[in-house]
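In the two assemblies presented below, chain A is common to both, partnered first by chain B and then by chain C.
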Partner chain A sequence: MNKKQNGWKRILAIRGMGQVITVGIGLVVMCIVFGIINPTFFSSKNVANLLRQIAPILLIGIGQSYVLITGNIDLSIGSVVGMSCMISATLMTKGMNPWVAVVITLICCLIVGVVNGGLVAKCKLPPFIATLGTMTIARGIAQIVNNNYNTDAIGDKAKVFRDFFYYGKVAGIYNTVLIAMVLWLVFNFLLSKTRTGRHIYAIGSNIEASKLSGVNIILTTTKAYLVSAFCACVVGLVICATSGMGTMDAGNSYEMYAVAASVIGGVSTLGGQGILIGTVIGASIWGVLQNGLQFAGAPVAIRNIVIGVIVVVSVLIDVIVRSGRFSKKSH
Partner chain B sequence: MDSQNIVEIEHMMKSFPGVKALDDVSFSLRAGEVMALLGENGAGKSTLMKILSGVYQKDEGIIRVFDQEIREMTTQKATELGIAIIHQELNMCQHLSVAENIFLGKEKVKNLMLSQKEMNQEAAAILGRLNIDLDPATIVGSLAVSKQQMVEIAKALSVNAKILIMDEPTSALTSKEINDLFTIIRKLKSEGCGIVYISHRLEELKHIVDRVTIMRDGRYITAIDFDQNRMDEIISHMVGREIKEKFPRVTCRKGKKILEVKNLNAGRLVRDINLELYEGEIVGIAGLMGAGRTETTRAIFGVDEKQSGQIFLDGREIRIHNATDAIEAGIVLAPEDRKKDGLCTKLSIRDNIALPNLDILCSRLGVVNRKKEQEMTRKAVESLRIKLASPDADAGSLSGGNQQKVVVGKWLARDSRVVIFDEPTRGIDVAAKVEIYHLMNELKKQGIGVLFVSSEMPEIMGISDRILVMCDGRITGEMEAAGATQDKILKYATQFESKIS
Partner chain C sequence: MRRKLMTAVLSLGVIASMCAGCSSSAPKEAATTAATTAPAAETTAAPAAETTAAAAGETYKVYLITMDQMDQHWVTVDSGAQKAVKELGNVDYKWLAPDVKDDAKQIECINNAIAGGAQAILLAANGPDAVTESLKEAVAAGVKIVYVDSAASYPAIQTLATDNKAAGKTAGEEMITALKAAGIEEGKIGIVNVNAATASTVAREEGFRSAFEGTGFTLLETQYGEGDAAKSKDIAANYITQGVVGIFGANEGSTVGAGNAIQEAGETVIGVGFDKSDMIMQLINDGYLLATMAQNPDVMGYEGMKTAVNALSGQDTGAENVDTGVSVISKQ
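For the complex of A and B:
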């Protein structure tokens, strides 16, 4: 009993957990409301589908959260998703072994991460501008790999690829969901328990102090952009596996979905703050709203408006709560 | 005492674009001594120490540490040699805990994982040794500035420093904390540490300092054994001329009442404040850190919300809901934290001076009159003797003292009735201080009410005509400067309400 209480205390003591819990309650309420409007919302088929919808948002959310916590932003995410989708599909339609194609795709995407990190940390470009540039470049690459056409179907040889990233199931859970869960565990560990993670928070909190304390700013920033590029790459592969072909505009405006998932979950766009469990909640709210509003029969336009309002309100609540906390601080 | 030199710097040269920061500077430090490094702002003290600690790279010159010549000093190399530096600006990660800040860049890792527990324990031990009462798990951003400064000190000492450089360590500390710090310094000294101590608070020197090195305009002037009786000599070395009066005073006839604040309440640190301000006087507000002085000035100026209270200007009640109201009524505030509240460091000096005066400078359509703007800047620069390359340079490129002058200067261009200064001389050198005092006296002569907050008692007693003392959000005492003593002020400043009611 006592041990259990201590466990709770420890969880509550985690920085940023307060907001995550608030938003988590919001998520639960939202699910209940959608369940009442349309009970099939809770059908096992829909839940499985819903989780599979959330998974890619969670993945890009993880990447964006990493970058946001360093105090930067990555606008190239969506284009890297497109690049990953197009490069892998093109290679596979040419008959390449799917796994070799995946490795090559991954390398290409990680190069974007390195370039982002270099431009921002080494060349000191404002991250908004630097990644705006790489965003356009990466989209261009996505278009050029197959001469400005979407690819044909990636074919039978790629069935194992499509199963691995999308259609397969293990223990009744879709592979996409499992991939997202495993990567979440890995990146959560990296962020909360390792030196690199600590440095990511530190440079987002005070870059000057970190520099003077001997933290390698360029390396740490680049690592964050690498995580972001890696996550985007995986999402691109998932999209390729889903549709069985490469589409040039895959991942369009995903970078903003990623910002939304992070911010709803309590990651600060100013850096230094946020935990990945928050990103899970943020991505889930995003997915539940999309799915639930669709079930409730709301048209796309209404869905967009509602989601936009939710993003603003969730950050607004945080700002209000925080200003309250700061006035307490002066006591 | 061991008189062996542990640090020797010879013929050090360093240039920044457009400025020669160090010109043939020599410096030495012995084991077990506290060496004060003195000089005005921009004399090159911080630059020299940043080179010694590897933050900057030297252009030319020799650095020897423990008789070993160091050709290329990096921050890492400096840490290995046992050189630790406490920087002038607070350099804390606000979102991280005390322990995390102390171990930043040198985290303890076991099997890839951070060993948080071990770091917390070790941080607690370090804090305990320094007599700092803090929980290592506290988030630094929730601590008062003075506590953050103590964390900074703990961080520097966590590496077993043999050579400790302190750049203005006391500017944000309360007197008790300064005492604690001095105890720590004495202890380190007895353990054989060499300490370089940079401070503008000359009155502190007598407590800890053994020798002083004086620099001026990037050049080495002299190094002498410290002696309280040679203070005047030291100061004249620093400024290169005699400063006749540290606290120039002009006498004016006390005129009519300008400002009256009645029953002002704004949060816990501004409780039932009543004060009056007359023409021809300077009123100083003394008190300890966290007494509510800054908060009071902010509430009067309208930037913080008031719960209740009335403000009268020239006998007429005025309503101030925000800073614009205050400025229009003729009350202006030169805030405490220059970089945070006082200046747009990335804008030019001219833009900064013009910013609060755009209502005067703009035509009816809102177009800025460039000629008027230039004229206003020129006047401010001249009357305050601001040293600048060009009015179009970034405000952030100025030295601390000159930045402060810009903060003040932007308010002088308009006809104000009341000017409030919050810590106007923090972190600036003796000569610049005197210029700020002259300026306050000038305002006083013009019949403008001057209200100023300061933590330096000699300054409060030397410049103000009347002194208000605050403690815990209340005004606990009032006295004429003529009858004021440090003891009296301190007595009022520590008059806390009894906790048991």
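For the complex of A and C:
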């Protein structure tokens, strides 16, 4: 049947694509306006910087999107970012090989993902409460690993690490952007083309029905939280590479940036709906606003107001689309 | 004899805090001890203080409440206070702080300290007004308040702080001197601050801006990085793209961010910052930052503790405002 449709129609037929296109148009308009206000916005240097500023938001957005699609939420993201930053930096200042430090950090962060999944799916705690708990615990771990100090500089030995995650470039594109792109491709494939992906949508749409059809709720939920913890871990490593030191408050309130990026891009907080291309647009809007408003010389308060309005409006679009005239499109 | 000892201790403390116009009135015994230099005075104060404590035979409960526990700055205030506690020997000391900078959480800390039986509180107020109500309660309960680092707008025994505005101006002057030495007389300057609510960094920015009055430089709209080194780095990189000639960082995270951005851009942007940490020192020694204004948080904690104990034992506490100063640290 798909063969009969042309490409454009097929894209439009994807659930949630309508909002992505609407918001995407908004993004383009926003870029043009910023470009007119200050042409430096479109300079190659700024575009390169801008993409790198968007990358971490996109990564945590992917993680949060996964969890939101299962009908849950992950508030621990920001703290896992901080934990990842502090654990990796502390190990490196103690002279450990950067890659060994990365592996250990990854394991620690994934444990948080497993705990989140277990608490939510197996122990049936409300996700808001469960991840609120792990959020506080993870922040505490971030503080305790170096005895309540920010770490010293991670030093010259870690230059490879800093280049790999942040400062290096391949084919003129910063590594951070490439990392985000690769992970996006992987996780997008996982979500849209595999059985795990279908299960994630299924338990977000109707958990009882999925249970009856034999979906392993605990495993699927845990997988979503693992993706979230993994993405947060990578962002923590990026931040550690950026600063060249571990800061205990790294990633503060990133979980909310992640919710904003997901929601602006059309991921429903009620679960079962959303596509990762939307998260790209959502993260881009966030990043473009941060960057563009600085170039426009706007006071920070304006930026906060604008971002708040965009979050509310994009969810409003979602609600109107779902309840209103496009309802025939939904399955 | 006891009174003379007390006077000696007092005058030593006052000399150590570099307060002017008091040592002349000290009696002979004090003057002989005080004839040593100021750093030595701190060490000689220890045995004398212990004697006083033994004589008084009373233990005081003193709390330190900072803005958070994360910044190295607060850890250094704490170690300064601990040093004084060790020397005094009659203090039951505790350090309380919210996990993140937050007015409401700091108010809780103050209430907890009062409930815990604090007789004196060394407070680094998060903002000037938010905590005043709970301070009123504390004072009503007989608690002595000494401000360290940041004062609230409520009277206290003493405020030991960096004059942030003056320090910010020094930072600005350092930058102007370096720019002029490089033959730059005009251009844009970027400012990376923490947020609009932290009084100390706002005052630094104010001082920094005042240094540029009447020069050919344009100061851009301030950007706030929440003290986060990664966010601050993004902001600084955006400034560099806009073609700034100088970047000012108002605290540790902002300064690290500015230094990293300058290092990456490889451009001759002059970076001046605040606070001292291993990373900042590395950026300065590698030549990416010109200088940093280092405060003396250990002095705040040390002298603050002594003031608190003096106040509790009914002794003179010296001047109401003590500027603990900054040291300009540049490449050695």
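In the analysis below, the second predicted complex is superposed on the first by the 320 of 331 C-alpha atoms of A that agree within 3 Å, B and C clash if a C-alpha of one lies under 4 Å from a C-alpha of the other, contacts with A are read in each partner's own complex, and residues count from 1 in each chain.
Everything that follows uses one rule, which is that a residue touches a chain if its C-beta (ideal position, glycine included) is under 8 Å from a C-beta of that chain, and two chains touch if they have at least 3 such contacts.
Predicted, not measured: the structure shown is a model, and the values here were computed from it.
When the two complexes are overlaid on chain A, chain B and chain C sit side by side with no clash.
In the superposed pair of complexes, A:Q273 makes contact with chain B only, with no contact to chain C. By the touch criterion defined above, A:N188 lies against neither chain B nor chain C after alignment on the C-alpha atoms of chain A. Legend: residue contacts after superposition of the two complexes on their common chain; A:N97 is shown touching neither chain B nor chain C. In the superposition on chain A, A:A298 makes contact with chain C only, not with chain B. Between the C-alpha centres of chain B and chain C, as viewed from that of chain A after superposition on chain A, lies an angle of 130 degrees, to the nearest 10. When the two complexes are overlaid on their common chain A, residue A:S205 makes contact with chain B while staying clear of chain C.
Residue contacts after overlaying the shared chain place A:R15 against chain B, while chain C stays out of touching range.
Of the two partner chains, chain B is the only one touched by A:S213; chain C is not. Taking chain B and chain C in turn and counting the residues of chain A each one touches, the greater count comes from C. When both complexes are overlaid on chain A, the residue A:R139 reaches chain C alone and has no touch with chain B.
Taking the two complexes aligned on chain A, the least Cα distance separating chain B from chain C is 32 Å. Residues of chain C that touch chain A in their complex: 68-72, 75, 99-100, 196, 220-224, 226-230, 233-235, 237-239, 241-243, 252-253, 256-257, 260, 264, 277-279, 282. Interface residues of chain A facing chain C in the complex, by the touch rule stated above, are 38, 40, 43, 45-46, 49, 53, 56, 139-140, 143, 148-153, 167, 238-239, 242-245, 247-250, 252, 290-291, 294-295, 297-301. Interface of chain A with chain B (complex): residues 13, 15, 193-195, 197-199, 201-202, 204-206, 208-210, 212-215, 272-273, 327, 329-331. Note for the complex: chain B touches chain A at residues 55, 75-76, 79, 87, 89, 91-96, 100-101, 104-107, 109, 112-114, 137, 139, 142, 155, 267-269, 295.
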